[in-house]
Amino acid sequence: MKARALVIVLVFSLLAMACADTGREDDGEAQETTTTTTSGEPVRGGTVVAAIDSDPGQLNPAITTSGAVHYASELMFNGLVALSPELEPVPELAESWEVEDDGALYRFQLRDDVTWHDGEPFTSADVKFSFEEVLLEFHSRTKASVGNALESIETPDDHTVEFRFTEPYAPLLQQLDVTEAPIIPRHVYEGTDPQENPANLAPVGTGPFRFVSYDPGQEIVLDANEDYFKEDLPYLDQVVLRVIPEEGNQVIALESGEVDWLFEVPGPDLSRLQESGEFEFIETSVNPGGANCIMTVSFNLDRPIFQSVEVRTALAHALDREQFLSRVQFDQGRVAEAPIHSGIPFGHAEGLNMPTFDRAEAERLLEEAGWVSEDGGTRTAQGVEGVPDGTPLAFEFLSFPTFSQYGELFRAQLAEVGAEVSLQALEPPVFADTVFTQRDFDTNVISYCNGTDPEIGVRRMYISSNIAPIPFSNAAAYRNAEVDRLFDQAITTVDRDDRSAIYEQIQEILVEELPYFWLVETVATRAYTTDCQGFGEAGHFAETAFCEQ
Amino acid sequence: MTARTGPEAPSLDRDVDASARTELPAAGLGAAVGTSRRRVLRRLLRRPAGVVGIVLTGTVVAVGLLAPVLAPFDPFAVVGPSLSPPSGAHPMGTDALGRDLLSGVIFGARTTLVVAGLVGVLVLLIGVVVGTVSSYLGGWADDLLMRLTELFQVLPRFFLAIVVIAFFGAGLGLLVLVLGLTSWALLARVVRSEVLSLKEREFVDAARASGASGARIVVQEILPNALPAGTAFLGLILAQVLLIEASLGFIGLGDPNVVSWGYLASQAQRFLRVAWWMSVFPGLAIAVAVLGLNLLSDAVTDVLGTSR
Amino acid sequence: MTLGYVGWRLLQVVPTAAAILLIGFLLIHLAPGDPVLALAGESGDAEYYAFIGDKFGLDEPLPQQLLTYTGRVLQADLGTSYLQGRPVAEIITERVPATLVLSSTALVLSSVGGVLLGLYVAARPHGVRDTTVSSSVLAVYAAPVFWLGQLAILVLALGTGWFPVQGMRSPGSDAGGLAALYDVARHLALPALVLASQEVAAVYRLTRVGLADELASDHVRTARAKGLSGRRVMLKHALRRPLVPVVTVIGGRAGHLLSGAIVIEVVFGWPGLGRLLLTSLQARDNPVVLGIFLVVAFAVVLANLATDFAYRWLDPRVRYQ
């Protein structure tokens, strides 16, 4: 059984693979799905116009994890495998594979009928080149995960590739889709600087659509790849990816018929669009930054105010999470009931004692902790350890600009119990620097994406070896030897039920100590016109789509 | 008067005032020497523009000063249903979180006052000092200061403000500093030309003859007479400052810890199609304040210009 | 306007340009937020950070970086984008036409519109017509430009369906020639109108005041006395001199127009420099931010200089003081 090895390597490699959802500008989606909502006979021809948030700048998905680039370019490329909605690998460039040595050797049989858009045949040399020269150098997630575990890539013949690892490495098949490991052509990139190759602006791929034109800041036009190796696909003649940065404007463009597909409907407009009956929707927890994300408040435990568990519990009681769900998320998601996302059933604990919304209890706890209110205004310290008497209960709250509404509501709700919150919105690079490198913050909200296994996106938040300076890791600076030990134990526990029990134990401790407070599990809603159907959820969304003429 | 467009014209060339740059626009406006303040006010009230300007500006000032009394709610508190259209309980409606927009607009007036006031002080201080020193010293000092003024006049200050605030973080203090430090150039030129024209006049000669020192003449005789024209231009500058503040708020660079009209406008952007009131009322408030300042400044300039 | 004067003014641009370069460079390099972190993304790999820092010369001391940068700028090299790995000059050049089309259209529309409105009211100053036009122009001028844009989208685009809401061209349009021109024009209409409506005020006021002065002047009165018709007098004698400041004020408006264009680009999804600036700021793509800042600032300086020359050329009464 390879589970043990899987876990070891996961830990090793995925700590840093923060799938923190950096809003709408950051990462490519973590999974690729091939769901279709087919309800009619596919029709050939037609154009789909999709809105994307921001100009990609370049179109090579192998050298970046930028969501803008991935949305704009994935239709032109393939991975060795694709992922089903259940996140199981299904054949793409590789038609079959076998795993040997308990997961230390993967042998892929490649299709022999694939050609690049320029007519050159696709071979195992392209795969080896893509990994060795590009993905493991420039694709930050794949570099940090696969790169750290990989020993060598061999190509016994033109249509066989072998990945050999120093130790068993189980998650590989989840990391070979077009998002994590797009394959690019060796004959175009060999001997050049992959970051400055002109093909980055006019890509050559194997994907269902081929490059036609790119107007920076405006649109990318793709035509159907007549020679696509998947039979009958794609149905569409053309896909246009239109840059519309303002989400309100994306909706306006959808309604006026200027675009046919939105990757994410802004909450405020959702119910209006649903009522109009002119659009179809796909709800997915596969967000731009990763799967199974929880909007999470971190308390900086290095700060004296937040060292008291009573204070943290009081603040948690003061937060009305239903209101976050309805007024910030517009009901796209659910209130988080455990530190681990409900999308990971074996990790998610049930029936935890999460603090419920209770202002009276919050005020009682604050009084007890020495934060007293004299005139109903901001509370001040009276005998709080490490805090001079008279210090007001005032602190900062950091977020990405895209999540500023969380801050607005956080401030309003905490003001009701006498805590004064000041907000700061920081762009992702500055946020990462401030929170994780300099650790100069009081509280913040981060979309922590749990991924598909607690080892990927949960562990990184809690283990003490993960405090600074790793971006999107242990923001709270939480140190608990018992939790560290349990996470280590979970790695080596092969049996899934036993592992569940350990995670449950961990979550009980976390809910009691509240280094973080988990607000809501978020989902994104894709929208498209009823004239079209057959869309997938993520980057290859248009591969199987078709429209009425 | 040598200005080619009359005293009114420069008032509308905002960001970079070409006419003020190439020639001395308001030279001699302060010639309203001897015009008593009461007379200026009376003339102001005789003009419709002056009356409207005073009413609009006065309203904004009054609302700003009385904000805590006038506002029905704390502008940051969740007090109603989400996205409720204007109603009796919330005359300007509520935002997505259920905050009262009327209270936001009222407290926004207060922020407007603070921004306009502080930027005004900075601009006045720098503009008057640079303008006076430059015109009084003359020679290379004048040249140097005017080059500096020119630099600040051509510096695209909206771009500069965007870059500074995006890099150093949104905050009211920084905003005031950036706008104050980059908006004084026009005023400096006006003051300089005023002082230059006043320098040659009889009462200054008289003061000089009576043995007063240069600095004393400037402070006691020239500045009080140069200032009215300066304040008229200050109003125009501040009107522009308010628009820049609002635009910065719109592109998401407003201070999130202070209710300002620009901040409200940026909140409205996502809800354009679902909640028109979130965009309309803050936008109107900005327009009212800017219009008031423009009208008032125009009228003052007009009165000073014709009262010779 | 002597050659010496032209030379002297050109020479004056040098310290201005140097100051702009220094201000921009220092601002961006002293700002918090580590560009290496922005570049390296979330990998958290020290080796990768070092690689990136080295690649972009981010490890050198600041004065060294400034020197290198200045040297490059003098050769029209604005460096390489962190994000796109392409020359900044190339990225900026791609976006310049869109911004240029938008702002020059607005410039023309506002100039023509302002003069026409000025003419329209000049015959009867202080009448009902004058009051109506003057106050509406002033009201529009006081409204924030993004707000006008939003109203235009809600009322004109969505209300009538005549105008597209977003972008510069229809999606996937491969039309050429006249059809392409028409397509761009349709997209351009609203943003250019909104931007121009704000700019009308300056031109209108100059024209109106200038005309009023001129109509009262001796040579116009002489022309009238000679029996020339009102319209003839207006076009032939009265309009000429007021047009001088209208023409020359163009350069002075450059900075303001470009500022308005940034906001309008956001509202209408216009793919110009303003949008590039905002996305580059978000990603901390500093070379692009600095590049745009320099390009815009120099453009404004040059526009002002050109205005100055044009003004002196058109109106010899003005002498350099």
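List of remarks:
The first chain written gets the first letter, and so on, giving A, B and C; residue counts start at 1 in each chain.
Rule of thumb we're sticking to: a residue touches a chain if its C-beta (ideal position, glycine included) is under 8 Å from a C-beta of that chain, and two chains touch if they have at least 3 such contacts.
All values derive from a computational prediction rather than experimental measurement.
Chain pair with the larger contact count among A-B and B-C is B-C, by C-beta pairs in contact. Compare each chain's C-alpha centroid with the centroid of every protein C-alpha atom shown, and the nearest one belongs to C. The centroid of the Cα atoms in chain A and the matching centroid in chain C are 39 Å apart. Note on chain placement: the centre of chain A and the centre of chain B lie 46 Å apart, centres being C-alpha means. Averaged C-alpha coordinates give centres for chain B and chain C that are 22 Å from one another. Multi-chain contact residues of chain A, defined as those touching 2 or more other chains: 246, 252, 255, 401, 426-427. Within chain C, residues 32-33, 153, 266, 278, 281-282 each touch two or more of the remaining chains.
Among the residues of chain B, those in touch with two or more other chains are 166, 169, 269, 272.
Those residues of chain B that touch chain A in the complex are listed here as 74, 76-78, 82-83, 96-99, 166, 169-170, 252, 256-257, 269-275.
On chain A, the positions that touch chain C within their shared complex are 15-18, 20, 25, 27, 47, 49, 54-55, 57-58, 63-66, 140-141, 143-144, 193, 195-196, 200-201, 215-219, 221, 238, 240, 242-246, 249, 252-253, 255-256, 258-259, 401, 426-430, 432-434, 437, 469-473. In the complex of the two chains, the chain C residues touching chain B come out as 12, 15-16, 19-20, 23-24, 27-28, 31-33, 131, 138-139, 141-147, 150-151, 153-154, 201-202, 205-206, 209-210, 213, 244-245, 248-249, 251-256, 258-259, 262-263, 266, 277-278, 281-282, 289, 292-293, 296-297, 300-301, 304, 307-308, 311, 315, 317-318. Touching chain C in their complex are the following residues of chain B: 4-6, 8-9, 11-19, 21-23, 48, 147, 150-151, 154-160, 162-164, 166-169, 239, 243-244, 246-247, 250-251, 265, 269, 272, 276, 279, 283, 286-288, 290-291, 294-295.
The residues of chain C lying in touch with chain A in their complex are 32-35, 37-38, 40-45, 48, 81, 83-86, 91, 94-95, 98, 153, 157-158, 161, 164-172, 174, 266-267, 269, 271-272, 275-276, 278-279, 281-284.
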